[in-house]
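Right after this note come the structures.
Heads up, the next two complexes both have subunit A, just with different partners, subunit B and then subunit C.
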Partner chain A sequence: MRLLKLDKVNLLGALFGTLSLCFCSFLIYRPHRLAAGTPHYFVDIASWPESLWMAALWIAAVVASFIAREKRPFIQLLVATTLTLSLFWMIGAHSSRLFEAAPSYARISLGLGSWLMFTAAFVLFLNLLEFLRRSPVITCLCVVSLCLGLTVIWMHGHLNHLSIVIEFYNKKERFMDELVAHLTLAFSAVGIGALLGIPLGVLAFKRKTLGAPILTIFNIVQTIPSLALFGLLVTPLAYLSLQVEFLHDVGVEGIGWAPALIALVLYALLPIIRNTHAGLGSLDKGIIEAGVGMGMSRLRLLFTVELPMIRHIILNGVRIAAVQSIGNTAVAALIGAGGFGIFIFQGLGQAATDLILLGTLPIILLAVVTDFLMQAITFLAKAEALK
Partner chain B sequence: MIVRRLQKIEFSGWKSIAIVGLLFGLLVFNMHLVEPLLQSFFPDLDRHLYDRASFLKLVIEHLLLVISSGILATLVGVLCGILVTRRGGRDFLAVMNSMASLGQTFPPLAVLALLVPMVGFGAKPTIVALFVYGLFPIVRNTIAGLESVPRGPMEAAQGMGMAPLQILARVEMPLSLPLIIAGIRTSMIINIGTATLGATIGAGGLGAPIVAGLIGENPAYVVQGAVLVGLLAILVDLLLGRLDRVEKGYGVR
Partner chain C sequence: MIRFQNVTKKYAKTVALNNLSFEVDKGECCVLLGPSGCGKSTSLKLINRLIEPTAGDIFVNGENVSSVVPEQLRRSVGYVIQNVGLFPHLNVAENIATVPKLLKWDKARVHSRVEELLHLFRMSPQSYCDRYPHQLSGGEAQRVGVARALAADPAILLMDEPFGALDPVIRDALQAEFRHIQQDLKKTVVFVTHDVDEAIRLATKIAVINHGEIVQYDLVENILTRPAHPFISQFFGEDRALKRLARLSVKQFLRKTSGEATKIDTDSALKLEDSGKDALVKMIGHKLMSVPVVDDDSQLLGEIHLEDIINS
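Let's look at the complex of A and B:
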C-alpha cells in the first residue's frame, strides 16, 4: 500500500483558495448603495495574527493533499470546516470594522476573492462527498458544527454590516412575503402536476394509442421557453376573466398567479408523465403476471403492485419538476406573479447588485435544498421498493 | 378518430420540420400578414406590430447568442468530459460529475442575474451565462457516454495496437456520440429559453418583444415574440433530434 498518494482535487482547490486570499479583493467598499466600489485586499486590512491564521489554514489544506490515505479525509474535513467558519468570521469582523469608520449609508459587500474562497472551500467539501456518504455520523457532526458556528456568527451580529444583510433587513417583511409566494406557487404547481401527471403517465402506458400523442405534446410544451409560455397565456386568460364572471371573482386575471400557475403545471407534467411511463415499462412482466394469476383486478394490481414498485422513479420525476418549477417561478415575477424574481428584476432595473443577490441566492438555495431533500426521499423510497 | 390521426403523424419526421420551418419563416418575414388578426384580437391597442427592430434581426441576434455560446460550451464541455475520463484526470471525475449535476439545479435566471454585476448589461453576460449553463448537460452526457463504452471494443482496439488517442477518436467518440449529441440538444433547448430571458438585461433577441410587451402592456408584442421563440425552439429541437437519429443509425451499422 502506498502511503503517499496525491489528492489532486484537494490540492487544486487549496491552491485556488490560497491564490484568491493573496491576490483577489476580499471586501468591496462603496460610499453609498449605487456607487462604484473600491476593493480591499485581505493582507491590507487584516492584522498579522489574522493573516497568519487564514494563510495557515489554506496551507494546511494544501498539505492535507499529501497526507497518508486513512487519516486524510478526517483532516481534510476538519480543515474545510474550520476554513469555512473562519472565512465567515473574518468577513464579519472586517466588514464591521470598515463599517464603523464609514458613514452610515456606506455599503460593504464581498469581493471576488471571498466568493472564490467559498468556491474553493466548497470544492474541498465536494471532494469528500464519497467519504461523507460512507460515514453518516461524521457528516452529521460536520453539518451541526457548521450550522452552530454560523448561528453564533449571525447572533453575534457580525454579518449585519454586509450590504446584502442590510438589504435583507430593509426588506424583511417583503422578503418573507415573497418567500411564501414563491414556495406556494412553485410547490402547488408541482402538486397539481403530480396529481394530473401520474394518472396521465399510467394512461399513456396502458393505452398505447394515447401514449405517443401525450408524450409528444408535453415534449413540445417543454421546449417552449418559459418567458414565451407565460406571455402566451396572458391574453387568453385576460379574455376568459372578462367573459366568465366566476373566474374573475376567484382572482383569475391576465397577469398574476393564474397564467403563472398554468404554465408551471404544464412544465411540471412532462418529467412526471415520462417517469411514470418509463417506470411502468421497466417493471418485470413476471410480477404483473403473478398478480393477475392471483386474481387481482387491474386497478388493484396498479395500486398495490405496480405504482408502489416504481415509487422512486415517479419521485425522481417529481424532483426534476420541483427544481425546474422553483427556477421558472423566478421568471413568473415578470407577469406579476410575485416570488423572489421580483427582487431580481428590481435589482436589474436599478443596477443594484445587493438586490439582485437578495433575489438569486435564496432561489439557488431553495433549488439546491429541494434537490437534495427529494434525492434523499427518492433514495429511501428506492430502498423500500427493493426490499 | 383524432387520436388515430395524431398517431399516424410522426412528429419528428421531415414533414413536421418542414411545416414548422415554413411557418416560422413566413412569420419572420411577413409578420404584417397577421396584423388584421392582431387588430381584431386587441382592438384597444394603438400599435400592433413590434417595430423597434425587424424580426429577422431579432432572430439573428437570438441565434448568435445561442450558437456562439453553444459552440464554446460544446468545445469546453466535451474536452472536460474527455479529460476527466483519461487516466491522469480520473481523480477529477467524481467532483466534475457532482458539480455538473449541481449546476443543472441552478435556475437559469439566477445564473443570468448573477453575471450582471460581474460582466455588466447586454449580450456579454448573456453569452457567458449561456456558456456556463450550457456546459453542465454536455459535460454530464460526455462523461456518461464515454463511461458507457463497453470493454470489448476497447480491448479489441488495444489488441490491434491502437494508441490511446486513436482509440479515443475511432472507438470511444463514435460510440458515445449519440449521448453527447443528446447533451448538446438539451443544452441548446435550455439556452434558447435562457437567451429569451437575456432580453431583460438588454441582450436583444426574440425576448425583446415579449419584455417590451409585458412592460408596456401591449399583449400583441408579447404574442409575436412568444410565438416566434416557441417555434424556433421546437424547430431546433426537431432538427437536433433528427441529427441524433441519423447518428444512431450510423452507430448501429
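Let's look at the complex of A and C:
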C-alpha cells in the first residue's frame, strides 16, 4: 500500500494543469497591438494526436502523484520535464501557425490556460531538491535535458512569434543592460549583507545586551515598505553627496544606485542576522562546554565549532535575503537604480502588458533559480554528520 | 595533586558548595558521589576553571589554578562529560585530535597518537577514524570521548558522569575497560557519579557529598565498613555489605589445601578472579557452608568458608 502514498501538492498541480488545458484559453490573438484579443483553446487549434499527447502527460502527472516519491522519484520528474518541454513546443508551433495566417502587425500572446499550465508544471518541480537527494544522476540528466530542450526551442526561433518575445528582441540591448544592473545590485546587497550580518548575528548572540536592540532595529526596518525606505534615503544621500566630495566622485547621489544599495543591504541583514543568532542558540550546550573545557579560545570555538556547525542555517538566511533582494530590486528602478523594474514601470505607464511581462518574468525566473541553487548549496554545506 | 581549600561556591539563590576541603593524591581515582544537585559537577568545573569559586582556593600540582591561564590549564587536564560532547561535524580522528591541534603538535605526531588511542580502546583505526559521531553506538561514542580527553596525555582526568547515559550492559563493559586502562595509565582521576555501584567499582577514595558539603571522604573500604553518618548508610543501602564483598577477591578468604594436587570438576567451584560476592552466591545456590576454589586447569587450590566471609 506504500505505493499509493499520495503526494497532495503534486496532485493538485496536475489536476489544475489538466483543467487548464481543457477549459482555459491557450493563446490570445490580436489583429494589432492595441486591439481586443480573441482566445484560442488548445482543443480547438491542436490536432488530435497533439491533444492526446498533452492530455496523456497531464494524466501521467496525476497518476505520478499516487506513486510514493520515496520509491520512484524520477517518474514525477520525468513527467514534469516532458510536460514543460511539450508545453513550450506546442506554444511555439501554434503561435507560428496562427501568425502565418495573419498580418505582420498581429500579436499573439499566451492565454490564461498557458500561464496556469506553467504554474502547474512548476508545482510538479517542487520536489526537485528531494529528487536530487534520492537520485542525483537522473535529476541532473533531467535538468540538463530541460535546459538543452528549451535552448533548442529558443534558438530554433520557434517562439519568435509570441508578442513577449517580439518585445524582447525590440529591447534586447536594453534587456541585457538591465539584467546586469539587476543582478549586480541584488547580489552586491546580499554579499554586503552577509559580510555585515554574520558578525552582527554573532555579536547579538554573544552580547545579550546588544542582541535585543539589534534584532529589534532590523525587525522594524523589515516592516518599512521598500518604496518608503528608498524614499527616506534620497534626501540624506543627496545632502551627503553635496557635502563630501569623495562620495560625489564615486557616484553617490540622492537617487541612483547608492540609496538602492543601502536599502537593499538593510533588508538583507535581518534574515542573515536572525538565522546566525538562532543557529548559535540552537547548538547543544554540551558541545560548547566540551570545547571550552578542552581549552579552546572563544575565537577558535567560534570558527572551528560554532560557525561550521550552523553554516547551513546561515546560508538559509542568505538564501531568503537573496530571493527577497531580487524582488526588492525591481522597486529600485523607481529611484533610478536600473534593473528589470524599468520595464515594469514603463509598461505600466503605457498599459503595455508585454513590456510589464518582460520585466516580471525574468525577475520570477531569477528568484526561482536563485532559490533552488541556494537550497542545493545549503544542502551540500550541511555538515555530513548533521544531514 | 589536586587540593580544595575552603572552597565555597554561591549562586544567586543556592549555595552549591560550602567550605569544601579535600585532597586527591597522584594516581588516585577519586569519586565524587552524591544525589543529583549536591554540587558534584560544580566541584569538577572549579578544577578546570569552567566556574570560578566564590571563596577559597584550588591547587593543581601545588599551583593555585586562579594564577594559570584558563586555556592553558584546560589543555593540560582531560575533561569528559555525560552527553559525550563530541563535535558532530568532525570525524572520530579529528575529534580526538582536538587538544593536540590546540597544542600545535605536528601532523605525524597527532596521527600516530590518534591511532594509539583507538588501539587502547580496542577500536580499529581503519574502520573508526573516518566515522562521524552519529555513526557510533553510545558506548563507542563514549570511548571516543574518553580517548579525546586522554589525547594530549594529561596527568589529570576529570569525568562528569561519563557512563551515565549508557545502558547497564555497555556501562559495565566500559567501567571494566576504564579500570583496566587506569591500572596502566595511573592518571589522577576525579570522577563524578550518583551511582553507588559505579563509585565502589572504580574508586580509590570516595567523597560523599550532600547539599554542597563533604559528608565523608575516605577509602572505599572504610566508607563501606565504617560509615561516618546515617546519610551514608542510607545512601549506600542495606546491601552495602554485599557491595563491599563484590570488591573483595576470593583470594582474601582462601584456606589453602595442603597435600597432593587433586582435580575436581563441579559447578560449585570458584575461580581465583571471582569475588567474595560470587562465593556467597555459590554457597546459597548450592546450599553449602564452604565451596572449593580451583585454578584454570581445575586443580583444587583450597576452600572458602562462610564464617570467614561473615566475619570479614
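Just so it is clear, the second predicted complex is superposed on the first by the 304 of 387 C-alpha atoms of A that agree within 3 Å, B and C clash if a C-alpha of one lies under 4 Å from a C-alpha of the other, contacts with A are read in each partner's own complex, and residues count from 1 in each chain.
Keep this in mind: contacts are C-beta pairs under 8 Å (C-beta built on N, C-alpha and C of every residue); 3 or more make two chains touch, one makes a residue touch a chain.
Because the structure is predicted, anything quoted here is derived from the model rather than measured.
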item	value
Fit or clash - subunit C, subunit B, common subunit A	fit
First (subunit B), second (subunit C), both or neither touched by A:Pro213	first
First, second, both or neither for A:Leu57, with subunit B first and subunit C second	neither
Partner contacting more residues of subunit A (subunit B vs subunit C)	B
Partner chain(s) touched by A:Leu185 [first = subunit B, second = subunit C, both, neither]	neither
Partner chain in contact with A:Val305 - subunit B first, subunit C second, else both or neither	second
First, second, both or neither for A:Gly291, with subunit B first and subunit C second	second
First, second, both or neither for A:Gly347, with subunit B first and subunit C second	first
Smallest distance from any CA atom of subunit C to any CA atom of subunit B, in Å, after fitting	22
Contact footprint of subunit A on subunit B as seen in their complex	3-4, 6-7, 11, 41-42, 91-92, 94-95, 98-99, 102, 105-110, 113-114, 116-117, 121, 189, 192-194, 196-197, 199-201, 207, 210-211, 213-214, 219, 222-223, 225-227, 229-230, 233-234, 237
Partner subunit C, residues of subunit A touching it in the complex	284, 286-287, 289-297, 300, 305, 308-309, 383-386
Interface residues, subunit C side, partner subunit A - complex	48, 50, 70-75, 79, 81-90, 98-99, 102, 132-134, 148-149
Residue numbers on subunit A that touch subunit B, as the complex places them	7-9, 123, 126-127, 129-130, 209-210, 212-213, 216, 220, 223-229, 231-232, 234-235, 238, 254, 323, 326-328, 330-331, 334-335, 341, 344-345, 347-348, 351, 353, 356-357, 359-360, 363-364, 367-368, 371
